[in-house]
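These are the structures, in structure tokens.
Below, subunit A partners subunit B and then partners subunit C, in two separate complexes.
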Partner chain A sequence: MAFTVTVMGLLIFAAAVAANFAGMILTSTILGPKRRNSVKDQPFECGSLPVGPTHTRFHIRFYLTAILFLIFDIEVVFLYPFITILRPELGVTGLWIMGAFLAVLVFGLAYEWRRGGMEWD
Partner chain B sequence: MHTALDSLNAAMSAHPLLVQALAAVAKTVFMMTVVMLIGGLILSWVERKQSAIMQDRIGANRAAILGVRAWGLFHNLADAAKGILKEDFIPPDANPFLHTLAPFLAVSTAVVAFAVLPFGGTVHLWGQSVDLTIAPLPIGILFVWAMMGMGVYGVVLAGYVSNNKFSLLGCLRATAQVISYEVATGLTVLGALLFYRSLDFRDMVAWQMGHNLGQVPFLGHLPDLGAVLAHIPAWGVFLQPLGFVLFFTATIVEMTRIPFDLPEGESEIIGYNIEYSGMKFMIFMMSEFVESLLFAWVIVLVFFGGWSLPGLHLGDGVAVLFGHALPYASGVALEAAAMALKIVFFLWFQMLVRWSLPRFRYDQIMHLGWKIMLPLALANLAVTGVLGVLAR
Partner chain C sequence: MGLREVLLAVFAFGALAFALAVVSTRNTVYAALEFVAHLLCLAALYCLLDAPLLGVLQVMVYAGAIMVLFLFAVMMLDIQETGRESAFQGPGQVAGALLLAALLFALLVFGADRFPAAALAPAAAPGAPGVGADNVVRVARALFERGALVFEAVGVLLLTAVVAVMVMAKRRLEN
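Showing the complex of A and B:
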């Protein structure tokens, strides 16, 4: 019963949110004018003419940041259920387990730091 | 003889699921009204007026209905009408579907996160206990983080499909910045969760209402101080002062507002929403305000005791404020007012930060996120964990 009620509430809310914003976008698409011309169709680049293809290569650091994020965020997610049972149930044993887990995380961070993976210039 | 009310009561008592369904619709209407009113209309007015006051200007005050200006309040209605009636421009090389999907994703994921935020405890209707939360999920706070992570897709899509170099740069910056600080956001609340031992916001508020600082491990055992601390409620901000400061900073980065508004630094790259116009552009702006309401709400629930008011105790049908008995209804009203005031305070404080500080450089933001906030959050967690377990 409780689970049904929760899922029902979530679905009703999500449907209302989706309908609301889809409606807002749709209304403006229908009501707004459509007047195109060649200047308006150019990409907006502060008055200068666009040069070269849009989807050029970008710096490898963005890729590195994304990988760092994946590793750390997954570790953080593992910590969530762990922290809720740490104090009464696991106690000192839990501290050792968590310490070993976090040590790997911190070691990875220190290694990344020393190798210059977090340098932005 | 049956009256209409009697038959309604009979029908409601016979169908518990009907009661819950009607309650779900009512809660949805309430939450949508709050989010659209505050996030869509009032916050943009507050932003204009607060910045005007801070910069000794008058601010927007021209829009009027029948000569009534009402301190510029009608500007937001005028903006909404304008957004609907403006041309919805889609660049010729952009994918129309993805271009439209981006603002929709950005805002609707942020709004859906409100489903797990409680706005009160439990009420009893026709023998059914109805939670004043749209979806009382036991994973509460993780659902908020998940929805927040989904919001990044909207920004990435907007920048990527617009076929514009500046919007591509903006979306790369936005993605790198938001995902970097998601780690810090997730880590900084963990210290408080060690005490609450639940991911459900209702349990967090209940724990903060049911404890004082004298009962907290380590703090309560300090000589001489324990008796004084027993008079202070055990709000998350007192348990985790560093955690709160880090979390508040990380949330400002998450909503990409000044001083961390690199994705739309208008004097440099204009932003990922450069090729958007009309209602879609306004929806991107609105998602920013919706996020500031979301984070103000989460901060109040996790760090400031939710609807708890020091000195006020609500029992079974009675309310007691500093030893004086109050009508139950006024106790409930006081709690609602306390919750609303705390949220308003944080909305105001976010605006204050936004109009006080200059924008950081990009390398400074990444440096702050990975080299300062992440180690501090880890150290905070380690110290909290050791003290919390050893000093029981």
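Showing the complex of A and C:
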């Protein structure tokens, strides 16, 4: 019974989101004035004329950002089980455990910052 | 057939459909996005089978981090849409693929026939120890009560990874 209620709630929520999404697009499609011309059909580039193809290579420096995101994402994984038992069981001890873990990673973040990992040059 | 079985079937079909789309799509960025949809279907299956922690980790680590890495690799390599020729080269490959598909299908049919209840039923009754939300709590206890020291060591391991990434990336830039 509880499972059915949860799933029905989720389904109603999903239906509401889909209806909202479709409603906004449909309303703007029906009500919005459309005077198409070749300039309007170009990709929007902040008022400037497009200078090249939109599908270009990303710079290799972004890879550093991606790898660092991966490492800090793994860190977030531990926060989910942690919060489930923080208040009922772990208490202040838990805060110390997680604080030490996060401090080690903040140290890593500081090192990355200092080595210029967040700078373009 | 209850609601759980219907949803299991829907998400299993979704996972299969998106997996097929991944291998048949020529545009690599679309294929990566279909892979995300496939992973989300798998996460829904885990949640339906009373393993919410695995479901959340699937979304955070695979659909989040790993896929971001895939997309970055695809965008940096600038892989163009491959030609329209068939993925199969020659009749031998087609025959082999069909034979393997038939074998897998037979295995699934006979397997499902033998273990229908075990394959679809939840691990235990809802609310039983280790099932559903209790699953997360048990993992948390193991991590933060019994394995706190190991958990801190994981922090040091991640720190080492950050330092290694910086050292390697910077060395390459300086050269």
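Methods note: the second predicted complex is superposed on the first by the 62 of 121 C-alpha atoms of A that agree within 3 Å, B and C clash if a C-alpha of one lies under 4 Å from a C-alpha of the other, contacts with A are read in each partner's own complex, and residues count from 1 in each chain.
One rule holds for everything that comes next: a residue touches a chain if its C-beta (ideal position, glycine included) is under 8 Å from a C-beta of that chain, and two chains touch if they have at least 3 such contacts.
From a predicted model like this one, the values you see are computed outputs, not experimental measurements.
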{"item": "Which of subunit B and subunit C A:I60 touches, first, second, both or neither", "value": "second"}
{"item": "Subunit B versus subunit C as contact partner of A:P43, first or second or both or neither", "value": "first"}
{"item": "Partner chain(s) touched by A:L95 [first = subunit B, second = subunit C, both, neither]", "value": "first"}
{"item": "Contacts of A:R87 with subunit B and subunit C, given as first, second, both or neither", "value": "first"}
{"item": "Partner chain(s) touched by A:I12 [first = subunit B, second = subunit C, both, neither]", "value": "first"}
{"item": "Which of subunit B and subunit C A:M24 touches, first, second, both or neither", "value": "first"}
{"item": "Which superposed partner A:M118 touches (first subunit B, second subunit C, both, neither)", "value": "first"}
{"item": "Between subunit B and subunit C, more extensive residue contact with subunit A", "value": "B"}
{"item": "Touched partner set for A:G32, first subunit B, second subunit C, both or neither", "value": "first"}
{"item": "Doubly contacted subunit A residues - partners subunit C and subunit B", "value": "2, 4, 7, 55-56, 58, 61-62, 66, 68-69, 73, 76-77, 80, 84-85, 94, 98, 102, 105, 109"}
{"item": "Complex contacts: residues of subunit B adjacent to subunit A", "value": "16-17, 20-21, 24-25, 27-29, 31-32, 36, 83-89, 91-93, 100, 103-104, 107-108, 111-112, 114-115, 133-137, 142, 160, 163-166, 168-169, 172, 175-176, 179-180, 182-183, 186-187, 190, 193-199, 217, 270, 274-275, 278-280, 283, 362-363, 366-367, 370-371, 374-375, 378, 381-382, 385-386, 388-390, 392"}
{"item": "Subunit A residues within the subunit C interface of the complex", "value": "2-4, 7, 55-64, 66-71, 73-78, 80-82, 84-85, 89-90, 94, 97-98, 100-102, 104-105, 107-109, 111-112, 115-117"}
{"item": "Residue ranges of subunit A in contact with subunit B within the complex", "value": "1-2, 4-10, 12-14, 16-18, 20-22, 24-25, 27-29, 31-36, 40-41, 43-46, 50, 54-56, 58, 61-62, 65-66, 68-69, 72-73, 76-77, 79-80, 83-88, 91-92, 94-95, 98-99, 102, 105-106, 109, 113, 118, 120-121"}
{"item": "Subunit C - residues contacting subunit A, complex", "value": "3-4, 7, 53, 56-57, 60-61, 64-66, 68-69, 72-73, 75-78, 126, 133, 136-137, 139-141, 143-145, 148, 151-152, 154-156, 158-159, 161-163, 165-166, 169-170, 173"}
